[in-house]
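What follows is a set of notes on a single structure, which appears directly below.
Order of writing sets the labels: A, B, C and D. Residues in every chain begin at 1.
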Amino acid sequence: MIIVLEKSATKEQMDYIIERVKKLGLTPHLSSGVERTIIGVIGPEDVLRVTPLEAFPGVEKVLPVLAPYRLVSREFKPENSVIDLGKNVKIGGKKVIIMAGPCAVEGEKILKEIALCIKKQGALVLRAGAFKPRTSPYSFQGLGEEGLKYLKETGQEFGLVTVTEVMDPRHVELVARYADVLQIGARNMQNFNLLREVGATQKPILLKRGMSSTIKEWLMSAEYILSEGNFNVILCERGIRTFEDYTRNTLDVSAVPSVKQLSHLPVIVDPSHAAGRWNLVAALSKAALAAGSDGLIVEVHTHPEDAMSDGNQSLLPEKFLLMMQELKLLAKAVGREL
Amino acid sequence: MIIVLEKSATKEQMDYIIERVKKLGLTPHLSSGVERTIIGVIGPEDVLRVTPLEAFPGVEKVLPVLAPYRLVSREFKPENSVIDLGKNVKIGGKKVIIMAGPCAVEGEKILKEIALCIKKQGALVLRAGAFKPRTSPYSFQGLGEEGLKYLKETGQEFGLVTVTEVMDPRHVELVARYADVLQIGARNMQNFNLLREVGATQKPILLKRGMSSTIKEWLMSAEYILSEGNFNVILCERGIRTFEDYTRNTLDVSAVPSVKQLSHLPVIVDPSHAAGRWNLVAALSKAALAAGSDGLIVEVHTHPEDAMSDGNQSLLPEKFLLMMQELKLLAKAVGREL
Amino acid sequence: MIIVLEKSATKEQMDYIIERVKKLGLTPHLSSGVERTIIGVIGPEDVLRVTPLEAFPGVEKVLPVLAPYRLVSREFKPENSVIDLGKNVKIGGKKVIIMAGPCAVEGEKILKEIALCIKKQGALVLRAGAFKPRTSPYSFQGLGEEGLKYLKETGQEFGLVTVTEVMDPRHVELVARYADVLQIGARNMQNFNLLREVGATQKPILLKRGMSSTIKEWLMSAEYILSEGNFNVILCERGIRTFEDYTRNTLDVSAVPSVKQLSHLPVIVDPSHAAGRWNLVAALSKAALAAGSDGLIVEVHTHPEDAMSDGNQSLLPEKFLLMMQELKLLAKAVGREL
Amino acid sequence: MIIVLEKSATKEQMDYIIERVKKLGLTPHLSSGVERTIIGVIGPEDVLRVTPLEAFPGVEKVLPVLAPYRLVSREFKPENSVIDLGKNVKIGGKKVIIMAGPCAVEGEKILKEIALCIKKQGALVLRAGAFKPRTSPYSFQGLGEEGLKYLKETGQEFGLVTVTEVMDPRHVELVARYADVLQIGARNMQNFNLLREVGATQKPILLKRGMSSTIKEWLMSAEYILSEGNFNVILCERGIRTFEDYTRNTLDVSAVPSVKQLSHLPVIVDPSHAAGRWNLVAALSKAALAAGSDGLIVEVHTHPEDAMSDGNQSLLPEKFLLMMQELKLLAKAVGREL
């Protein structure tokens, strides 16, 4: 950590800071120049982070040197993590994993219809929500446990891994009983108690990026899960909130290679929520794959007009088919399998 | 709701949409021009919102006409809501309410020291966190129930209303037992199950705006609480996330008069989290009050250097004193009391 | 255009608006519902845009129906525009065009060295700035006309199309004399007099997106150029400004397919300015190409350590070589040529 | 400047960097810790800024220590600058300066009508555009020199200082002949050649903040003007672009006290462009004044319905009158005059 002193800082202020740093068991390095004096503090920054150095008289600013996360970092684990999702599906290796399905479980019959469709095209994971976070209290909120049952049955019938969102720490045990992978939605990326609860399971966790979260904060949320002992975390970029309103969110495709540099965890992309328009989904899926994404999670619906949520961004089976054909060619060109 | 058809939309597509609208029990109004045909649908938009009209063939875009919230709107209740916080403190009327205190309850003695200080300057509400949402799993997470006990005792001893954050639906009953006002933090503004739980109490709820939430989404989150029967909601603007990094967040001071136009609920401002620097807090507090804020929630600490969180943005007692003197003059000038 | 009246709007207010609309030579369509009355106005929206309808008493809001641009739109010209850059290079067709080179012309020798390197790898266009927009008045501002001369010579010697920025309406004629393609930088996207000046030439114009410009505003800036009679516009996405600071800007890869839907103009991507880090450039280039980009403009430097600007984001020749090999495979997989 | 080395940096890489730093005439200070080695470089950072240290092998990141601006900084000039606008009006002192008028000069008669109205309420500066930056090439672009003539005449007749925008370096001499204060609009904040041209005059310059410019960039643009010898710069916050779309822009009220801390230059606020809605202008004006703004620039129009631009955000005379009464009370309460 670097402590930059104000030009007008007094010797007393400087000495006081140096004393405090030493009391924390750290070693300060002083560098004085014409314009400024800076104090470099080498050592575990955690100790310093809890000390509000910027509030000290004479301090202009404090510059952190180390990243605040550990377990999720490439420094901690240089090689890529490959995570077992069950049913012989592993993510983080050469194979690109396609997760697809409706936004919400709407009923048994329609779910199976969709599962059949995505299975045929090569998707290995079925996505569908039983608990839905909705902006309006008057919107459809999901079928709850009934939905989880349909999801589990459908996953078993079609040999598909299942992923579904858990929104409430009280539901973690319930959802974990039915689903193969637990999803933490964008709105809950910093629901720290929920992160701890899913960290206490050994289930694979799909951690969506919050819509205004930096990459650093996203990795810190993953750190919560790993710090509880669960290393099975898959990161999911799903678009961030910006001024541009042509798309529902702005897909931050740079996050894919950035996360790959910073962390050993697999990262996938959700083009459907990023775009908010079905007719951009194929282009964004290809971009994600080309940028190094380990997988995709895509909304597919056989009757989007009747979908109980997010119908606007769901692909029809024939569009999904076309996209999968394109993705297969693309995967090969970038040294992946699909 | 207005459905704008594509220039190339066919008669069949148009007829199909009209038929669907009618089936929903609504009346479509057709207007055809040279460039476009539009279908105006007058009636309850909720029914339409669940129908993904943008996914229909021939539809270019859909423009909502009505606001999606009801109970929180000025149309629903034209006069300002005045909310009773207990201990003879009411918010939403002429009197500006100052809430102050440390970021976290750190101990009994220090809390009482701070309570005494803010009480003397005219604050009526003591703020302090027992459960702290922290970006890092390795940071101080709050004292939990022990902290709640200190808070309650201190509130009683000094005759101060107490406000503290609740982060987990499992803790609502516990926190409600100790605190006068329950705070929903920015990170939980769309933790819908938590909103429902606090909506099921009759406690006053301080609902912070999410750091990337629009005013509309913020009002929808308030709507969740009201829709459960709890109308005692106070909104709190605390800065939004933008590209500017000189301040921790960007205080959206326009949100104050905007919310006042759209809703009957009281609105306050948190200048400390917005600025992230103590030396901007007074200026932002004055701006908030001048813009029509019903109150302020400010971080004050007698020993910010030793604060266990947010020390950088806490005011020292002498700075708080100066600010309160300025605010009293200002309040009078804008027709308020303090 | 849709005029939504306030719930409390009076008959007089409504009649007055209708009268005004009629005076403008347009036909209002009235639709009255329980909650709101709306007035649909079908016809040329330009006439209405200059009338501040939202300022009229009784008006709640005004919703535009038509896009504000014409000449750049796909409705105006359904097929893709293919633009001739000279020296047998055309952009907008099947062939992906790679533009590469240093940020700035720093000298004749180094420019030729870089030109040779990019030429060998298949780039067809040489980019380099002679007039540099720099945040600081104390930074290197470019070699001016001397730089333009080196650029022209180098382009001729290696058979490369040249593209360089023009920042000042007074320099358009000068720059047009030396360069094949004129670039409008992000900071000048809404320098409307400059747009008019380049619109008055027949040179191909590379129009970068402003760092906080919406897609709509970007197309409106292109419209300025086309409206002066110059249809040779190539759009360039170069990252937008968001809260994320890991990258210099956030590449809005969705802008590529979005622009392709809305406009007939070719669109390329600048991964170097978007990322601000050379080690993300290859991943973003692949993403851009997969998303449908018609080309790339990439910073390449043989001695980035000595580059006079943007050295951090420049590719070394060996990295550029590797990237070009990957892009060739990828181009084929997405049905393009390189 | 602090150079943070990668954990894996070799001794050779480190030595090479140290050698390069020394060659630049600077002194490196080495601090080695368990986790990282850092090199502090004390001295003029300008020399280092042009060296792309982040591109050097072994470098993880580079942290600047000093602000990049000089002449505009409080370090350079600790006391507030008071700028003479002519006609006995000075800005930057105790007196708050109100600038008001229509968006554009639309004609002689209407301009005088508005001038009379604002004069009566205590405004000292008349604002009105003769050259208008419009998003659409099809919108009204201003009356040009004819407008400037009306503006000058009106200013003389009513004893009002005049301020008007200059958009083109070719027009600086012309506009300077007619107007007292030259405005650089938000879209031209980084039109560096225009900044140089107005810097070469001795006219007071009103420099609006770009809609996505950081405070630092804004100060750097002011530095361009001062570095040409013109120290008469007034900064103007006019709202920044964020995700919130209820207002046209988001007024960054924190920018006012922030700029006051960093710079000696006066700063004013434009509530009209920030809000984009006349009914928020009074609240934002009060907030600006309470936060320490040295003045306001407000759109006022006697017939907003007929305004040729920005009618939605213009105040009617009676609203302006009410606001001025409120501002007078407020100014006194915060120790200012109006």
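Convention: a contact is a pair of C-beta atoms (placed from the backbone, for glycine too) under 8 Å apart; a residue touches a chain by one contact, two chains touch by 3 or more.
Keep in mind that this is a model prediction, so the values were computed, not measured.
K.L.:
Which chain has its C-alpha centre farthest away from the C-alpha centre of chain C?
P.N.:
That would be chain B.
K.L.:
Go through B-D and B-C and name the pair with more C-beta contacts between its chains.
P.N.:
B-D
K.L.:
How many angstrom lie between the CA centroids of chain C and chain D, rounded to a whole number?
P.N.:
So the centre of chain C lies 26 Å away from the centre of chain D.
K.L.:
Any idea how many Å lie between the Cα centroids of chain B and chain D?
P.N.:
Here chain B and chain D have centroids separated by 31 Å.
K.L.:
When the centre of a chain is set as the mean of its C-alpha atoms, what distance in Å lies between chain B and chain C?
P.N.:
Each chain's C-alpha centroid was found; their separation is 38 Å.
K.L.:
Using the touch rule from the top of the page, what residues of chain A touch 2 or more other chains?
P.N.:
Those would be 212, 241-243, 245.
K.L.:
State the interface residues of chain D toward chain B in the complex, per the touch definition above.
P.N.:
Residues of chain D touching chain B: 212, 214-216, 240, 242-247, 250-258, 261, 274-275, 279-280, 283-284, 286-292, 326, 329-330, 332-334.
K.L.:
Under the definition above, what is the set of chain B residues touching chain C in their complex?
P.N.:
2, 4, 7, 27, 29, 31-36, 38, 40, 42-44, 63, 65-66, 75, 212, 241-243, 245
K.L.:
Taking the touch rule as given, give the residues of chain B at its contact with chain A in the complex, in rising order.
P.N.:
Result: residues 46, 49-52, 54-56, 68, 133-141, 167-170, 187-188, 190-193, 196, 210-212, 217, 220, 223-224, 227, 241, 277-278, 304-305, 307-312, 314 of chain B touch chain A.
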